[in-house]
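Should a chain be cited, it is by its letter among A, B, C and D, assigned in written order, with residues numbered from 1 in that chain.
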């Protein structure tokens, strides 16, 4: 250890210790939460307004590309969106471009069914068109001709023409409003350019927090109407609709983890500069 | 019962997978291979089921015999696994790639170049005259910044002399944007972690003792593994 | 017909013609009337193809692990390959029995696939923390800009900070709506030009690696 | 019925200008007039990384990003790396550095396999290409533990991470940096580029990666196409400045662009 200052040694701290620290903080904060109020950001308000603005009774296209990894954050905003639309008697057409959504779809519908004041009827209130492979070409082909790509059947293999919800719906242009849950794949620009732009559909996305800066530019030009931004969006949405739940509990643990991160960055820099001023490298 | 066992399995899988943070050792490899098998099977099943339902089943229906084309092309993809017939897969790939390039180029030029860069920077979306001074300044910053940052991506010009300042300012604007993504992503990662722990490990509270007990078992096993030299700590 | 002809010339011409027609039909309605239908059909076909192509990864994986078990190479890792085979057989088996939304498949999804996926994904949190401690330094102006903007945005999305200090929110909003938009606009346009250029190079058959 | 779909005239014009400029520069290059392309400093970094591997007698890891090639959205990122892989493999073979390429792209695997085999042949050392070890395939999820554990036990001296990267970016960069590897990273996916920039020794931002691919290509004509893309950028900048001035003067310039 000769030639190493104490600062240098602090900087070489084993990464496993730092990792254990974050593990302990999050566990502790989840097991014994405290409550703090917070201001609602304009993105949350914008998304709330968008969902409120959808006229009662319209048919909404819903790309439900949630993944297992983003489920804890996006499930609240997704299910509350679905619930708000159902409360207005809107009809929703679901499909997904991700394999994992196959397992999540039923779970979300069950949650919404429980929240909803009325019984949801398959084929009248909603229809599940299943997984569409081929991401961008898949989306283009699907939005051009739904019956062509799905082969005229829904996820269970029943012909979609036998359901009243699909009357007169055969393309992206038939949805005046669309919502795309993009999970964490950053496919928002893809839906903007293949759905919102050519068909003029009013588009909003539900996405994880990291995509936000990359899509603020589309929000600024109005190509995208609104975004529910990750866990914060979910928490804000829960707050605005008065249905506090899962997201609200997590956001605190995340806050303390963020504090830990800020402290780590500051400490790392302080040690580094002291070490450098004392002749380290 | 199945639900309780499932929750236990879920939390134990998480504990075992988190041990990848402690180096290369058998516990995490075991969990990793389980995950690998499950995910490979699940993805392959759902995708091939799509191929089966939309291709083969549809082909059998009256009047839809033309769906035999994608069915055959789909089989051609697998020709690449065998060296002498490798070239066959080029046909399905060529069709895929041609369609993909076409559909992405034809709309990219609108949504990402014209609507975004050119129209987005112009009034009325970015008014400069007749609005509060703050807003006008903001819009000018956006226009100036985006032009500088575009110059950063110009490759046919050597940035020496005064133009190198434009290049440098462009880089700073880009880095500022990346910083924003970086902050959001950091919070997102912690959200993931909190979500994982809430939904898989720490809830429901009745099962918590089993999870904690398993953590202790794994910790002891790790100590043994590292002490006995089965895996190296450094 | 020579080998070269059907092994590489024709596939590349398929890309060129298909790509060019797809672009042209979007702009010219009279061409769209002629080739629009067939192209739409081809896109429908390509979704089916994409579904089929996904299985190739699993095929490769099975081949790799089978080889490992047969040759017993990379000891002792070949033993784990058996674990792999057990789990893939179980997964595909339960999905064949109950379908992709059946109760058994749902169990595997809910209690093995979903938690493991989330868990592996969330390990990024640890790596970000250690990277924050070891890598992110205010070394020069570039790094300082990146870090300051990152930290400001980070604290603005965490209620622990915005609760007591609400002024972080408007600051972050300004950052998000002004410099970030400027930077990303250029980035997005740059990558768009790049991808158009790349697509054109492939369509002009100057990128022979594209099909391998 | 109009000749051109309404609302798409300007887009067609812009596309035509870009394509025309690219074709023009390509034609000029074929005639022998190569365009002047700025040398990216990262090109020299590749040689530095390889030299480091030779010096330390350890492996160089080339990690192409994820994404499937059936997705147009990430296709440019995947395709642009093939040219770079070919170049790096050949350089490694020439200098005698060992290269290891764990890939997680199922369709790309075979293509990358062929590229590497051909590169070894081009360098005159086909016997050094080990089909089981030089390139290995992993499914998306399993790549993360493989890299983390592999970096821990095999300690590569240098790593090149290029392609369409998702959340793995920070795991890979941090794990590789931690084991002392020198890294060059680049991606075109917006949400992970910050980590590439912050955590790597050298980084390629977005379009620079495509440019590098054209630049390193054996065909000098491709490098010249970059100049064609630049014409598009100059055009966009010019229209923007003109538009801002005209609109400030009260003319409805934005309306002219949506015909």
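A few remarks follow.
Criterion: contacts are C-beta pairs under 8 Å (C-beta built on N, C-alpha and C of every residue); 3 or more make two chains touch, one makes a residue touch a chain.
Computed from a predicted model, the values in this text were never measured in an experiment.
Both subunit C and subunit D are touched by A, B.
Of all chain pairs, the one linked by the largest number of contacting C-beta pairs is B-C.
One inter-chain figure worth recording: subunit B and subunit D are separated by 17 Å, centre to centre, where each centre is the mean of the chain's CA atoms. Subunit A and subunit D, compared by their mean Cα positions, are separated by 29 Å. Subunit A and subunit B, compared by their mean Cα positions, are separated by 14 Å. Contacts with at least two other chains are made by residues 15, 19, 22-23, 69, 71-72, 102, 132-137, 140, 149, 184, 189, 209-214, 217, 220, 230, 232, 254, 257-258, 261 of subunit A.
In subunit D, the residues touching two or more other chains are 8, 11, 15, 18, 68-73, 75, 107, 110, 138-139, 141, 144-145, 167, 170, 178, 190-191, 193-195, 197-198, 205-207, 211, 226, 229, 232-233, 236.
Of all residues in subunit B, those touching 2 or more other chains are 17-18, 20-21, 29, 32, 35-36, 39-40, 42-43, 46-47, 50-51, 54, 77, 80, 93, 96-97, 99-101, 103-110, 112-113, 116-117, 119-121, 125, 143, 146-147, 150, 152-153, 174-175, 177-182, 184-187, 189-190, 192-193, 195-196, 199, listed in ascending order.
In terms of which chains touch, the assembly is arranged so that all chains touch all other chains.
For subunit C in complex with subunit D, the residues that touch the partner chain are 23, 26-30, 32, 49-50, 53-54, 56-58, 60-61, 64, 67, 73, 116-117, 120-121, 123-124, 127-128, 130-131, 134-136, 143, 146-147, 150, 184, 187-191, 193-202, 204, 206-207, 209-212.
Interface residues of subunit A, counted against subunit B in their complex, comprise 15-16, 19, 22-23, 26-27, 29-31, 69-73, 99, 102, 130-134, 136-137, 140, 149-151, 153, 157, 184, 189, 192-194, 196-198, 208-214, 217-218, 220-223, 230-232, 246, 249-250, 253-254, 257-258, 261.
On the side of subunit C, the complex with subunit A involves touching residues 40-41, 43-44, 46-51, 54, 100-101, 105-106, 109-110, 113-115, 117-118, 121-122, 125-126, 128-130, 132-134, 136-138, 147, 151, 153-155, 157-163, 166, 169, 173, 176-177, 180-181, 184-185, 188. For subunit D in complex with subunit C, the residues that touch the partner chain are 1-5, 8, 11-12, 15, 18-19, 22-23, 26, 68-71, 75-76, 79-80, 82-83, 86, 106-107, 109-112, 114-115, 132, 136-139, 141, 144-145, 167-168, 170-171, 173-175, 177-178, 188, 190, 193-195, 197-199, 205-207, 209-211, 213-214, 219, 221-222, 225-226, 228-229, 232-233, 236. Listing the residues of subunit B that touch subunit D in their complex gives 17, 20-21, 23-24, 28-29, 32, 35-36, 39-40, 43, 77, 80, 86, 89, 93, 96-97, 99-101, 103-106, 109-110, 113-114, 117-119, 121-125, 128-129, 143, 146-147, 150-159, 174-175, 178-179, 181-182, 185, 189, 232.
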